[in-house]
Amino acid sequence: GGGSSSTSTSSSSSPAASPFHPAGVNVTPTTPPASSTVAQVVWDEPYGEPASLDPLKSYALPENTVLSNACDALLRTGPDLKLQPGLASSWTHPTPTTWVFKIRPGVRFWDGHPLTVGDVLYSLNRHLNPKLGTFYTAWVADIKSIAQSGPSEVTLTTKVPDVIVAQMMASGLGTVIEKAYAEAKGAAYGTASGGIMCSGPFQFKSWQTGSQITLTRNPGYWDPSLQPKVQTLIFKFITDATTLTNALAAGAIDGTYEVPIQGIARLGGAGKMYYGLSTNQGILQPIQKTGLSANAKVREALSMVIDRTGIAHTVFQGLAVPELAAVPPDSFSYATQRYQQWYLGVGTPTTPNVAAARKLVEEAGNPKSAMTIGIQQGDSQSAAVATAIQSAAKSIGLNMQVKALPTAQYVELIFSEKARAGIDWTTGNNNYIDQAEPLQVLYYWGRSNSPYNLDGFAEKEVDSLFAQARAQAEPEQRAALAVRALQLWVKPVNNIPLYIYPERLFMNKRITGAPSSFSTFLYYPWAAELGGT
Amino acid sequence: MTPPQMRFAPRLPGAAASSRALLRVVRRDRLAAVCMTLLALVVLVAVFAPLIAPHSPTEVNLSSAYLGPSLEHPLGTDASGRDILSRVIFGARASLLGPLGVIALALALGVSIALVAAWFGGWVDTGLSAVIDVLFAFPGLLLAIIAVAVFGVGLTAPMLAIGIAYTPIMARIVRSSALRERALPYIAATTVLGLPARRILWRHLLPNVWPLIVAQSTVMFGYATIDLAAISFLGLGQQPPSSDWGLMVAEGRPAILAGHSAEALYPGIVLVLVVLCVMVLGRRLGDRDDRQLPRR
Amino acid sequence: MSALLELEHLRVTLPAEEGATAVLRDVSLQVGAGEAVGLVGASGSGKTMTARAVVRLLPPGAQVGGSIRFAGRSVLDLDREQLLRYRADDVAMVFQDPRSHINPVRRIGDFLTEALVLTQGMRRTAALAKVTRLLGETGVEEPERRLRQYPHELSGGQLQRVMIAAALACEPRLLIADEPTTALDVTTQSEVMAMLDEVRHARGLALLFITHDLDLAAAVCERTVVMRAGAIVDEQPVARADLLQQTAPASSTSAPASSTSAPAFFTSARASSTSAPACSTSAPEPAVLEVSGLCMVFAGLLAVDDVSFAVAPGASLAIVGESGSGKTTIARMIVGLQAPSAGAIAVLGHLRSRPPRGARERRTRGREAQIVFQDNYSSLDPRQRVGDALGEALDLHFRPTAEERRRRVAELLDSVGLKQEHARALPRALSGGERQRAALARALAVQPRLLVLDEAVSSLDVATQAQILDLLAGIRVATGTSYVFISHDLAVVRRVSDEVIVLRRGRIVERGATQQILTSPADPYTRLLLDSVPRPGWKPRRRAQ
Amino acid sequence: MGRASGEGGGARPTPLRSGVWAGVLRRLLRTLATLLVSSFLIFAALYLSPGSPLGFLTHGHSLSPEAVHSIEAQYHLNKPFFERYWLWLTGLLQGDLGRSTITREPVTTLLSPRIGVTFTLVAMGAFLIVVGGILLGVLAGVSGRRIDAGVLAAVTVGMAIPSFVTATILINYLALKLGWFPVYGAGSGFADRLWHLTLPAISLALGLIAYVALITRAAVRVEMGSEHSDTARGRGLRERLVIRRHVVRNALIPVVTVSGITVASLVAGVAVVETAYELPGIGAYLVQSVTNNDFPVVQGICLILVVVYVVVNAVVDVLYLLLDPRLRRSR
């Protein structure tokens, strides 16, 4: 890596307006360090209960929020969103298609068994076994093999030269579990009754489905800098904004990421809000290859007329800013200047330009047919955003409907053409990228053969630039290629950027220390930093 | 001469009689009169919503969110700057249509099942009673939730489901009343006269159980309103940007935290008032009917 | 000796929807100690209200004027404690309908001892012993077992005895009996009345006996006063049998001459009706109704047991029997409202063993036989105007023009003695008698060959009864309609029927010509039945042991 | 007169005690049949549902065909309908409700910790309904106009307020403003749980308390004016005794039925209340599972709720049979 992040760690007066972070919001990737131990901390999972604690099936917020504290991966995503060594004490990139990870010695699982290369190989290769059904299918497609290459060395071989897949060793893809335990449990591994066996700073104690997951301090954690200060860590699953706010205000819950915006005003007396970096973003994603939403003029007109400032101010009560290109700028962890320069130059308007948009719609032939935005049921923020888009579309004579889909149907949109029928756009809170690597945007939505590329965007040049970029280990050069590809991708408006917001973290008066960045709380043992004030 | 089929064409059974009963209730009873007026007002508002509402219920104006009451926005605006009054007004449509559908379905199904069962008796009755029994095994809300699981969110599935769930209640009440009525000599007399079953059912039996049906439907309307609002609240019913009152309460709830209670408050109040009025009227109608029947 | 109970100018007004109605306007009467006074009057005249006023059990909101004195004390001025003692010790009431006046979910023993234990402070065992004795005295068999039973397990007669025993338990000085036998059949009535009479004499009780049957009152009371429309009227009571005797000939075989009693309509319509066989007097006509081996079983109860009879054209058959003997059941089977368990019914030679097929057969059957029901309160559709009900019947069978229909409705109303205004009336606005006449008119509208009348005139006052009976007789002569006439009123039976069958527990115990059966019955049950009917000079008697 | 009908006639046949048990047995059989049909309906309804349970299994990540196949085999997705129903039914009888498609845990394992919360909530709601409803109803029924009108008004308003509205109000005032009750959670341990579930139970019960109170009031009114109560009054019994021995005892018969049915209907209401209070009960889990298309869980919870509902209804019927000596009931 290289370059500096776009954040200011100074916590002086409220920072001035910036295109990356809201005015008056002090973005700090870390919070004041904990100074004492605490017997118990109750944390909330605002997106609900994990479905599983098996890394194979943990590719969403609830699962990884817990798992990152229990199970070590080869790498970690630090508070500054940069990769850090985890179970791999170091890693090298000897050839364009190989990555060699040196496995840290002396690490023990909670049950005292030493963590061996065998466990690493077992864990990583589970993803390659199609019968086990990993959720990381798209990534696995690029992996050729994972094999032992020395006494404490593992080599990852990719099919094409690729730097970004190695970064994913900080995610569930690189998480190591105990082979003997997992084999004994079979399909029950990672379930509430089957439990898990890892080496992380907190060990799994119990999972009462519907109610809570309890972790306890792992006294023998290998990392001296991350010795947990919290004896018992309990995760609750309150999703309702009102209930969560009340519980935080009353002290029944000690802290949470993704604090409900409306409740922040209520929390003043109970503790402190922190704002961190985030690789999350709000976009309006076209998901049909044909129809109005595939019409470049319509897309551009729509992008032009959306009141991004209004959305940021009203829906997010000033805790978001307009996004200028569909790449979250906090992901510019290297070659920051180059990326930022490009980002600011894309020229997406932040306030509606109705006249110009009208003209575009006219040029498109004043289409009368309706389009539909699919949102996830119960996601009130996206509902508000979609309503605002609907209203904006109406102002330029476009007929836009909003349809709330049950969670199951909503997630199905991505891989089922049948589920997509009748839905032209979607917007939601799940368009984050996993690592601070802008290339991931192209990986998901820009390359023509990505399973997430639903509107059939296919540009040979973008594909070729992307292939070159992912092969390029040198950051500045990678960034140069990436920017060229991104520029080609955003030109005929693709994913319509809407908003970006810093991660919102709340901790009550008792506790402090948790890093505040998005994807850090997914891929870093954040709770090990937690402790008393 | 009119063909026989025409002569026995069902007139709207007892419609005149029940509206007369309603008027009688209203004339005697101030509370009922107030309720009646309020409901009439709500219905009018629902019908003429586009004429009455000062704004469009979906017109988003992000720069004027959470405004307090003013001449422009008598009840203020919501999180997206939509006019709350206009939303409540249009919400009357969304919120009343569902219960109406429920009642229509429960009436059509329940009354037909009940009358057929009571009239034909024997195995027809046994069979239909078994059907009623099975339907009775599903509480309305639960059936609505299952319906959503099967057919997806929206107004239709919960509405049909609750209608079906209310059917056995209606059917049981009407059936027992029809059985009682059927056992009375006046029905026997019409049979002996040689009147066709159809005519006896429509012209004699139904009009005499009609007041009970009206009273029951009214009370059910109240419950259906609450049940559908609950479904909306659960996020399984109508979806944003609908202005359904239950949904508005659910949507407006988080804003209460930030001190903006208007979006949840007003639709909540209107919802409670409408249900209250319907229940009061339903009970009065029921009472009225008891007094009106000849002493036996 | 001053009167035990003294009512003076008693007025009771009840709140009504608009203003108040005076239910009792001016009631003055006296009951001496040990005296039995009969209080007679038509339904709704205020008898029950008078009785309730005596124990101050009036509906809420009732206004009372005048005075009620019991043993010299003003009942209306008693305070709460005094009133409770007065009710507990001095008066006792036997209510009109025992089934609804006894708590259905408490055991008989509980009901009987309740007052003794709770107001007289008696121990439960002692109370039980006392009421067991009392029950025996009132003629209830196996009293110990009854104490453990629930009200619904007892018959009406038994329940009435329980009620009387309960009233006697606290040894009151005055017993008020409100129509204690209305719900009972004549034989049971006779027994209960005899028992009451016995007990009263044995204890020297004063009795205020309320009834609408003058003969019954005369049989047990020393004195009878008559009430009408909320006031005691100072007139000599008239026996209804006398009235019947006066207004109509005793025998119905001789034709009632008055042509007015059978309106032109019947004769003309019948003549024009092609489906009905001509009414000729030629000799070997088939029976209009033929019933053979008829049986009806209700859940193990043999309600009708092998009954056979026939009715010739123009004949009139009476069925008599005590309550529950199966009369109504037979009537319902004849008109096809109930399918017999066994046996055959043929009307005009058409077997009725299966339900009618199709509209045409329904109509045909409708024209063959019609029925007038016992219960006039509900034999008309409460939401249909009388004129519409008649019109409906006419439309169905004759499809008249509007003009014709109006004329025929008018004729029908006239013929049953209803006014033309009644055509627009709803049943609720009619009196019981008027309703019964409307029901009769509806049955007649079809011009049936057979008319079944189930206690069709029992609810009418004597004058109207006579008029209707005249009408029926007239129609019979004019059109040859046959009647099956069900009644417990022997005076009426005597007047309308040629032949009688006597029914007991579903079986025919005796049959024969009316005169013969009524004057010299052969079967002991028939004799008992005849003996039980109150008439001038009659005394209630207990059934021969 | 009009009353001279066959009603008062000869003695009715004495119903044998065995008649009651025959009635109970019949009711039992009918209940079983109803349950069987209901189970079929629940299964069939969700079988017909358009979405595939596979959808959620993968959280929107594409899955290899082998994985899909093994999942299909595990959930019998590839078997014909009736065989699947049969497997499900026989599983039920062995206490196996299948496996959640989301967590892949046995449904019974998932439900067992949640059922306790729901059960306590329903029990508390039932207690409030029966005690509160009957007390209010009797109070209104025997009191004068003032109190009657007051109770009536309160009760009607109570009936008109949806439980999710009361939830919002109660949390805001009693929990947040006044701090008398916890704002969140189901508590642990008996007393703590009762304390945590008090507000939810009130929300759950309020509308139904009102309903039971209305029915009780009407029944009490009828019995107050009943002729047999007048008989007791006419015999010099104190009003207090009349109310206790004749009014309340008799009014109880319809009230028990209505209370029972009302309590049974709580099982549907818990979905709303548990969601409004975010309680970890099966009601909220049902709603959650519906949005997640987790059909085995939906089936399991629906079945449990329907069983409770039907069984409570049946128990009430039997109770009625035992309570009313007249046994003159034909449904």
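Order of writing sets the labels: A, B, C and D. Residues in every chain begin at 1.
The rule is short, and it goes like this: contacts are C-beta pairs under 8 Å (C-beta built on N, C-alpha and C of every residue); 3 or more make two chains touch, one makes a residue touch a chain.
Not measured: the values here are computed from a predicted model.
Student: More C-beta contacts across B-C or across C-D?
Tutor: C-D
Student: When the C-alpha atoms of subunit B and subunit C are each averaged to a single point, how far apart are the two points in Å?
Tutor: 45
Student: Rounded to the nearest whole Å, what is the centre-to-centre distance of subunit A and subunit B, using the mean of the C-alpha atoms as each centre?
Tutor: The separation of the two C-alpha centroids amounts to 47 Å.
Student: Cα centroid separation between subunit B and subunit D, in whole Å?
Tutor: Their C-alpha centroids are separated by 22 Å.
Student: Which positions in subunit D touch two or more other chains at once?
Tutor: In subunit D, residues 2, 168, 275, 290-291, 293 touch at least two other chains, as defined above.
Student: Of all residues in subunit C, which are in touch with two or more distinct other chains?
Tutor: 374-375, 377
Student: Show the residues in subunit A shared as contacts by 2 or more other chains, in ascending order.
Tutor: Where subunit A meets two or more other chains at a single residue, that happens at 242, 246, 377-378, 406, 409.
Student: Which chains touch, pair by pair?
Tutor: A-B, A-D, B-C, B-D, C-D
Student: Which bits of subunit A are touching subunit B when the two form their complex?
Tutor: Those in contact with subunit B are residues 241-242, 245-246, 260, 262-266, 307, 310-311, 313-315, 317, 377-378, 380, 383-384, 386-388, 390-392, 402-406, 409.
Student: Which of the residues in subunit A end up touching subunit D in this complex?
Tutor: Subunit A reaches subunit D through residues 48, 51-52, 57, 59-60, 130-138, 187, 191-193, 208-211, 236-240, 242-243, 246-247, 249-250, 252-253, 377-378, 406-416, 419, 430, 451.
Student: In the complex formed with subunit B, which residues of subunit D make contact?
Tutor: 2, 30, 33-35, 37-38, 41-42, 45-46, 48-50, 156-157, 159-165, 168, 172, 207, 214, 264-265, 267-269, 271-272, 275-276, 286-287, 290-291, 293, 295, 298, 302, 305-306, 309-310, 313, 331
Student: Inside the complex, what are the residues of subunit D that reach subunit A?
Tutor: 51, 55-68, 70-71, 102-106, 109-110, 113-114, 168, 171, 175-176, 179, 182-186, 275, 277-278, 280-281, 285, 288, 290-294
Student: Flag every residue of subunit D that touches subunit C in the complex, lowest number first.
Tutor: Those in contact with subunit C are residues 1-15, 226-238, 241, 245-246, 249-250, 253, 323-326, 328.
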